[in-house]
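Should a chain be cited, it is by its letter among A, B and C, assigned in written order, with residues numbered from 1 in that chain.
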Amino acid sequence: MAFIELKNATYKYPYTKEPALKDVSYSFEKGKFYGIIGENGGGKTTLCNLMRGLIPHFYLGKLTGEAIIDGVDVREWDTAEISAQIGYVFQNPFTQISGIKETVFEEVAMGLENLGVPKDEILDRVCQVCRQLKIEDLIKNNPNELSGGQRQRVAFASIIVMDPETLIIDEPTSQLDPEGTEDVFEIIHTLKGRGKTLVLVEHKIDLIAEYCDEILVMQHGSIAASGPTKKILSDLSVLDKGAMLPGAAIFGHEMQRAGKPLREIPITVDEAAALVAERGKAEWQSRLKTRALATPTGLRRWRTLTSPYSPASGWRLWGRTAPARPPA
Amino acid sequence: MAKQGKVNKLALFLIPIGIAVNFIGGQIAILLKLPLYLDSIGTIVVAALCGYWPGIVVGLVSNILNAISSPTTLFYAPLNMAFAIVAAFLSQKGWFKSIWKTLVSSIFFALIGGGVGACITWIVYGFDFGSGTSTIFSIPLHEVVGLPKFLAQFIAESGIDVLDKVITVLCCFSIFKAIPTRFLSKLPLGHVYIKDADKVLEEAE
Amino acid sequence: MDMQFVNSFKSYQKVGNFWCDLYPLTKMIICFSVGLSTIVVADWRYGFAWCLFYFLFAALAGCGKKFAKVFLVLFVVIGLFLTVIRQIGARDVNTTVMFSLFGWKWHLESFVIAMNINSYMLGFAGAVLLFFNTTAMRDIMYSFEMLGVSHETSFIMLSSMQNIIDLRKTSVTILESQKSRGIETDGNVFLRIKAFFPTIGPLMLGAFSSTEEKSIAMDARAFSVDRKHTYIRELEPMTGKEKLLSAAFVVALVALLAARILLSILK
């Protein structure tokens, strides 16, 4: 069942020339995990704002077409109610802390206090979420004195404790150091396991490849491509639409170009490793060099040396870091 | 304050910022060793952008929070609130859009600062000179020039205030210029400051 | 997980000090009644007697040092300064010479006037200081919310205090970076005034632009949902004794005020 349904939604922020969203139609189903990727200014955040009911209420401006959230047109939703129903976590870990609570425990409890949930239930739920997100050791700390990564964890906890059906997560790691990023990945991993409807905007394409069910590629305010993750992220044409491909997919295409195609294009490291191993068994078993390739270390080294898309900073895939390509 | 009802959402979140700016302005003045207060920038900016009530709240709460460390500032709360009223009024009339009118407005602020300030000092300190920097000027004015005590206090307080308020309003002026249109459009009095070039965009619809 | 901490929310918040554990409103009524009474009486014997009590109370409440530090500064800034000013300013009533300081005669009459003003300035200031030093702002706002004040008001008060801390940190950072970029912060007055703008400007604009996200983030936490709130941190409501105590202080204040008015009419 579609939870959020967009039909030819076009939106223009006040005092701007060009619409930020052009004729966007898509239906988001309950329980699925959606990834939104694409270049900056492509309309990713605006799309999130629409799905959270902030458009047109908060941002004003002009919305045409239809945007239906849980069966009700977004224009008829009460902003306060809708924002309590759709959880939202965004990039800046600093503005998400309320600044009016003195301990992390109270900070996490605030949303439930505002909803008037009975006290004993609040205490239970907060404890549970703090355990889940591994912030038990922080509960007595002042939330205003935490590091960025810790704050982002607390921000997640504060939203998750309210148990929203849908969670929109807008570039949660863009301002975090590697350690903080790792923390957030872990949380998203947990959430996926709980069957929530998730919408994630993220530049770290390998993460998207690993978790999302469906992908939307946003470019110039429209959906440039959409569909199942495997289909979108194994297709080279995505590169022309301002998005990146996961390292594994690029590896797959490189193999193809080298005349040694894998059975299919992999999109995650594990898939790639399995496919290489499969191929290796059949054909390369005897060759020492390729056997090295089938091991994770050999694969990583090979990929970083050959892939033209490898960023200077090196790959970061779910805790496994490959060294940056040495400058040519 | 208790009954805010449907207060503009952004205004509500700007109020604490305005209050903090009042404090920090004064702090920076001290850090830079300036002989000025510069502690009403937040009040004037919030009043000019959000209107009377948010401005008055900023003024009042600033003084209440100040009272935590120096309680006598509580008596001067009406002063900050008066600034808010004048700022909101002048803002509605579009005064802060022109640099000249902005500079002229500093005289109003200084006169109010001096007038209301002198009155409060007068009442609080038993109808005589107060205890503060203004006495450095008010006592000579009374002793040497021979002006009556109240007039001496008034002139001294306004005099000190003029330079202070010139810097203050200049600071506010540059802030109004720098706030992006998208942000202004969400504020109660923001429409005053939206540039004509941007207004054209909207009317073209 | 620290369950002891979690369970502490299940009962009323206490620190185990008689004065500190009074309901915030009780403390407020007592402090303001006393503070205002020093203004009503305006006599140095009365005002300074209370000042001594404040020190005692602060010490009993466990914040004697902190309180004394601030209060003694006020004694110098307000008290000493005003005493000198009155020696210069209020001369028309002078007849009795107290002593002579390098040829400058100090008079008893203007000294008493100064002392009377000091007694209520400091008597009032001390009461307010005592109240704020022994009562956390969140507790004050909690008791106000119980009276029906909106949670937005609480937000304004509490958030302002946090903003002051945050912006102060930012301002120091900005000032340092401006210095390292070669902006004069030590030259003459005009140079220093010029340095003021590039410091406060970015500070304010940054803080302003963060309000948009802040308001969205708070909405996501049901800040604007109009429902009866739960408070996980609760204070014990005013007990009968406290009500009686507060009433006594208010009655005393009113009585003093009436006496004062009566006296001035009779004169």
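Definition applied: a residue touches a chain if its C-beta (ideal position, glycine included) is under 8 Å from a C-beta of that chain, and two chains touch if they have at least 3 such contacts.
Model, not experiment: these values are computed from the prediction.
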> If every chain is reduced to the average of its C-alpha atoms, which one ends up farthest from chain B?
Replying inline: A
> With respect to inter-chain C-beta contacts, which pair, B-C or A-B, contains the greater number?
Replying inline: B-C
> Centre to centre, by mean C-alpha position, how many angstrom separate chain A and chain C?
Replying inline: 47
>> As a quick test, compute the distance in whole Å between the mean CA positions of chain B and chain C.
In response: 21
>> Taking the mean of the CA coordinates per chain, how far is chain A from chain B in Å?
In response: 45
> Which residues does chain B have that touch at least 2 chains other than itself?
Replying inline: 9, 186
> Hey, what residues on chain C touch two or more of the other chains?
Replying inline: 155, 159, 162-163, 166, 214-215, 218, 224
> What are the residues of chain A that contact at least two other chains?
Replying inline: 58
> Where on chain A does chain B make contact in their complex?
Replying inline: 13-17, 58-60, 62
>> Which stretch or stretches of chain C touch chain A in the complex?
In response: 1-2, 5-6, 9-10, 138, 151, 154-155, 158-159, 162-163, 165-166, 210, 213-233
> For the complex, which residues does chain B have touching chain C?
Replying inline: 1-4, 7, 9-10, 12-17, 19-21, 23-25, 27-29, 31-36, 38, 41, 45, 57, 61, 64-65, 67-72, 74, 124-126, 128-131, 135, 139, 142-143, 149, 167, 170-171, 174-175, 178-180, 183, 186
> If you look only at chain C, which of its residues touch chain B in the complex?
Replying inline: 42, 70, 74, 77-78, 81-82, 85-86, 88-90, 113, 116-117, 121, 124-129, 132, 148-150, 152-153, 155-157, 159-164, 166-168, 171-172, 175, 185, 189, 192-193, 195-197, 199-201, 203-205, 207-209, 211-212, 214-215, 218, 224
> Can you list the chain A residues touching chain C in their complex?
Replying inline: 52, 54, 58, 79-81, 83-84, 87-88, 90, 92, 94-96, 98-100, 102, 105-106, 109-120, 122-123, 126-127, 130-131, 136, 139-140, 144, 155, 158-159, 162
